[in-house]
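Structure, as structure tokens:
Per-chain numbering from 1; labels A, B, C and D assigned in written order.
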Amino acid sequence: MAAYFLHLAILAGIYIILTISLNLIIGYAGQVSLGHAAFYGIGAYTSALVSVYWHFPFPLALTAAVLTTAVCGLALGLPTLRLREDYLAIVTLGFGVIVDMVALNLEITGGPDGIVGIPAPIILGLSFRSQPRYLGLVVLCVLSVLGLTYRLVQSYHGRALRAIRDHEVTAQVMGINTPAYKIAVFTLAAALAGLAGVLYAHYISFINPESFGLHTSILALCMVVLGGMGSLAGSIVGALILSVLPELLRRFHAYQDLLYGALLVGLLIWRPEGIMGRGNMSLKFLQKE
Amino acid sequence: MLKLTSVQAGYGRLPVLKGISLHVRQGEVVCLIGGNGAGKTTTLKAIAGLLPIRKGQVEFAGRDLTRLPPEQIVRRGLALVPEGRRVFATLSVTANLELGAFHRQDKKEVRQDLEEMLARFPLLKERAHQPAGTLSGGEQQMLAIARALMARPRLLMLDEPSMGLAPRIVAQVYDILKELQIVGVTLLLIEQNARAALKLADRGYVMETGRIILDGAAADLREDPEVQRAYLGKGYQEVWE
Amino acid sequence: MFLQQLLNGLTTGSAYALIALGYTMIYGILGLINFAQGEIYMCGAFVAVLLLASGQVSFYLAFAAGMAAAALLGLALERIAFRPLRGTHPLVPLISAIGASIFLQSLALLLFGPNDRAFPMQFTFQTISLAGLPVSTLQGAILGAALLFMALLVAFVRYTRYGKAIVACALDRDTARLMGINVDRMVALTFLIGSALSGAAGVMMAIYYNATYPRMGLLPGLKAFSAAILGGVGNIPGAILGGLVLGIAESLGAAYISSGYKDAVAFVILILVLLLRPQGILAGWQRH
Amino acid sequence: MLLQVVSLRKYFGGVKALDDISFAVQSGEILGLIGPNGAGKTTCFNVINGLLPPTSGSIYLEGLPIDGLTPYHRARRGLARTFQNIQLFSGMTVLENVLTGNHLSEPAGVLLAILPLPKIKRAEAQARQQAMEWLSLVGLQGRAEHPADSLAYGEQRRLEIARALAQKPKLLLLDEPAAGLNPRETEDLMILLAKLRQLGLTLLVIEHDMCLVMGLCQRIIVLDQGQVIASGPPADIQRHPRVIEAYLGREDLEVE
């Protein structure tokens, strides 16, 4: 039973990172990525490949994976971020499908069977094979990601990003380099999704394309919208609810997607700001006044 | 025939009309003049139903129009030729005219009106099958007027029919309005070009910053120095001295 | 071989074109990407298959019912998932459409199960030789029907009162209202027509692949969207051409490059078009 | 000469929104830009601050060409503006809006800004203090923590000006700052603009409220159908026959 809860907690932590990364794009750059799981997958596959075939030590594999995803984010973002937001959504979705196909068809990624035997992380001689330790690692990562994004959105960079989201033209007129900001956020978000992918791959120890398809992209989107677009606290809440709830409602597993779909439409109509509220960019409820 | 009682309206938080009262009698040509941003277009939009009226009342032929949507208002016989002409650019001239009669059920008479309209505007007849976007500004203005007439309105409202047109074309547009006046069409005309409008109209209202500041017979307004002041302002004392 | 692939491509392409017409018309009038268009296609297929399987109705009636059901679903979507969200940030209705799409897909999964259903066809089709090229009469029938629907739509938009009114709403909503056109009704009509066409495509593809299943709309929906972009969104002839071109490209790509990447062809084209020519291949031509 | 516009043209298809416009803004003056609807005034602003590329012509700021620069580069060079339909960042507080205007003065470096260094904290505190000063200049100091979209219309106009001031511009372009204001607010606005001039700021103002334009501007430029038809001190403009014609229509126009 305890093992099961640890398992849930680890997955929830990974989803929190994924959700925060997607929320950076939606809530701070005013764009939607429908292929966010592709970055998650690129991170997972890169780390898995270099660990299994080249025996990279974990810290190096992690760095390689995060950098690779960042480069992929940059490569996709550079030409596409000038597109209208709904076109961008479709382009990212197409990107997701293409990445999925590549993973399914390449020999090195193992096709539909994926990659097995991904080693548990060893950092400075300390192995993270056991669940409690892995949870510790995940919590550490979640806290670092939270700290980083919190400081980012609290800084004047965060203000600039919100300005871009509210009124891109006005932001430009005020001297904010909007293209550079949008690309930087997109790249950062891709890198963080890659980090989540690394944590997932080394925890589960085998991966295949199924975990990184459209379904996962949409799940992440649900988490963002449920918690509140543009709210960091919301991302935590949204990811927690949607990663734990399905486990508690196992009996209704068949209804899960039905619920997600209805949730998205219903939220947008009745509570577009999500649980934690739009515009509440900060973690104010965690702060002492 | 048309009566506005202390109408207030605006965009978002911006209040534009601060209580407009005016009336138009059957067969009259009334013009509404004033400088930029006085609220002339807003007044017409409010009457036509394109802008919600916050306070006050619009009555037409004895019936309350205040909360009706524009598609209902045009059915009651009140047509608007919008500012900037707004013809449907990719549709043919004929299609534009047909759409003007969209709400009418009397198909035969619509056909007849269409023929009549093309006969009255020979320029349009020549280009009946061209996309309206290929017409010149003056031709588009004629088309916009003809399109509104296709609705067989009892009252026709025109928003700056001379805007952006060369003086010769403006004269042509006004010739047409004159013809309409002679056949007894009731007109409510908005113009920045006050002189032309006041020459045509029977009566006029002068607007400034969302209010009507003057009204009277067009002939009197033509001579009133206040009209010019409403456009160009008085000398103000320089505030920092 | 090449001509055979071309014909296969035209057949699937005609289905993409029919769905793309729905996307393009709805985008034209509302500026909205109806992400659930693929599920409307799926709905048309299911209704026709289920009715035929019941053995109570003729093929043509089942086909018509499939289209009608798709049209009704489109209407319902507009009312429930889009109308309350008009005037919000464009991301909001897009996400709502994604929600609707997932909802419908999983609803179909619950109702009908994950397995393919065969199409209970009442006719038999042969392969005839046309100038030395083996042509299936099924492909011919699908192509013919699709072209007929497209021609009907173009005629509707060009020559009827309501068709012109829809164009007017797409061009200038306020002025359309001044003409006495009820914009809400025209939006509903657009959803109705666009969805019926997608439904027809669904039935035809259910026959062609002999498979009807809950997720069948996902990829054709996305590909049809690419086709709409390829033709220039809001452009009706463009959507038709885009669908056909995409179908052919996909078919040739699968034959000459790799069948594993067949489904990626559409997205590669999509990304290239958006980067190089976002206004679509027919840009500069007259719209509608 | 602060800003110089030389034979600027902007065509939209066949429409000549700006047709060979040339004028200059002197350092320290308030220059009015007036003209009937559709004369091309806002287009002129959009071209000056880089939102629209001109069809031809050049723009110089402090003697250096700024053609081809993006809007944010022009902001960096000292241009700021407000909009005809107010464009505040509605998801932010009043103070945050003004702080956004301070963006250009922030210390560079992404990492630096994220780390809780004392230097960054000092810079942030200083920016806040300065923002509060701008707010009190426009009379909004009491509303600093309110959400921007909770302000009344007139307050929003003033906030937009405060935000532009936080950019510390050399030239401020104001697009109809008095639109929607009541007479008292308009008077307050005049006093504020006069004060800004005393602070050494140069203003280019599009405005329909003739009382404000005539009372405040040293010089006025009149646009009609994309061309400059007159320029000079207010008293001359009011008497200028072509201006009267542009606003009131031609005397000789035959209607009969």
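Operating definition for what follows: a residue touches a chain if its C-beta (ideal position, glycine included) is under 8 Å from a C-beta of that chain, and two chains touch if they have at least 3 such contacts.
As the structure is a computational prediction, the values presented were derived from the model and not from experiment.
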{"item": "Intersection of the contact lists for subunit B and subunit C", "value": "none"}
{"item": "Maximum centroid distance from subunit A, chain identifier (CA atoms)", "value": "B"}
{"item": "Centroid distance [mean C-alpha coordinates] between subunit C and subunit A, Å", "value": "32"}
{"item": "Mean-CA-position distance for subunit B and subunit A (Å)", "value": "55"}
{"item": "CA centroid of subunit A to CA centroid of subunit D, Å", "value": "41"}
{"item": "Pairwise touch network: line, ring, star, complete, or other", "value": "ring"}
{"item": "Inter-chain touch pairs (all)", "value": "A-C, A-D, B-C, B-D"}
{"item": "In the complex, subunit D residues that touch subunit A", "value": "49, 51, 70-72, 75-76, 80-81, 83, 87-92, 96, 99-104, 106, 110, 113-116, 120, 124, 127, 147, 163-164, 167"}
{"item": "For the subunit C and subunit B complex, residues of the former touching the latter", "value": "161, 164-165, 167-168, 171-172, 174-183, 286-288"}
{"item": "Complex contact set, residues of subunit A against subunit C", "value": "26, 30-32, 34, 79-80, 83-87, 89-91, 93-95, 97-98, 101-102, 104-105, 214, 218, 221, 225, 254-258, 260-265, 268-269, 272"}
{"item": "Touching residues on subunit C, where the partner in the complex is subunit A", "value": "33, 80-81, 84-85, 88-96, 98-107, 109-110, 218, 222, 225-226, 229, 258, 260-261, 263-264, 266-268, 270-271, 274-275, 278"}
{"item": "Residue ranges of subunit D in contact with subunit B within the complex", "value": "36-38, 85, 152-153, 156, 176, 179-180, 190-191, 194, 197-198, 208-216, 225, 234-235, 237-238, 243-244, 247-251, 253-256"}
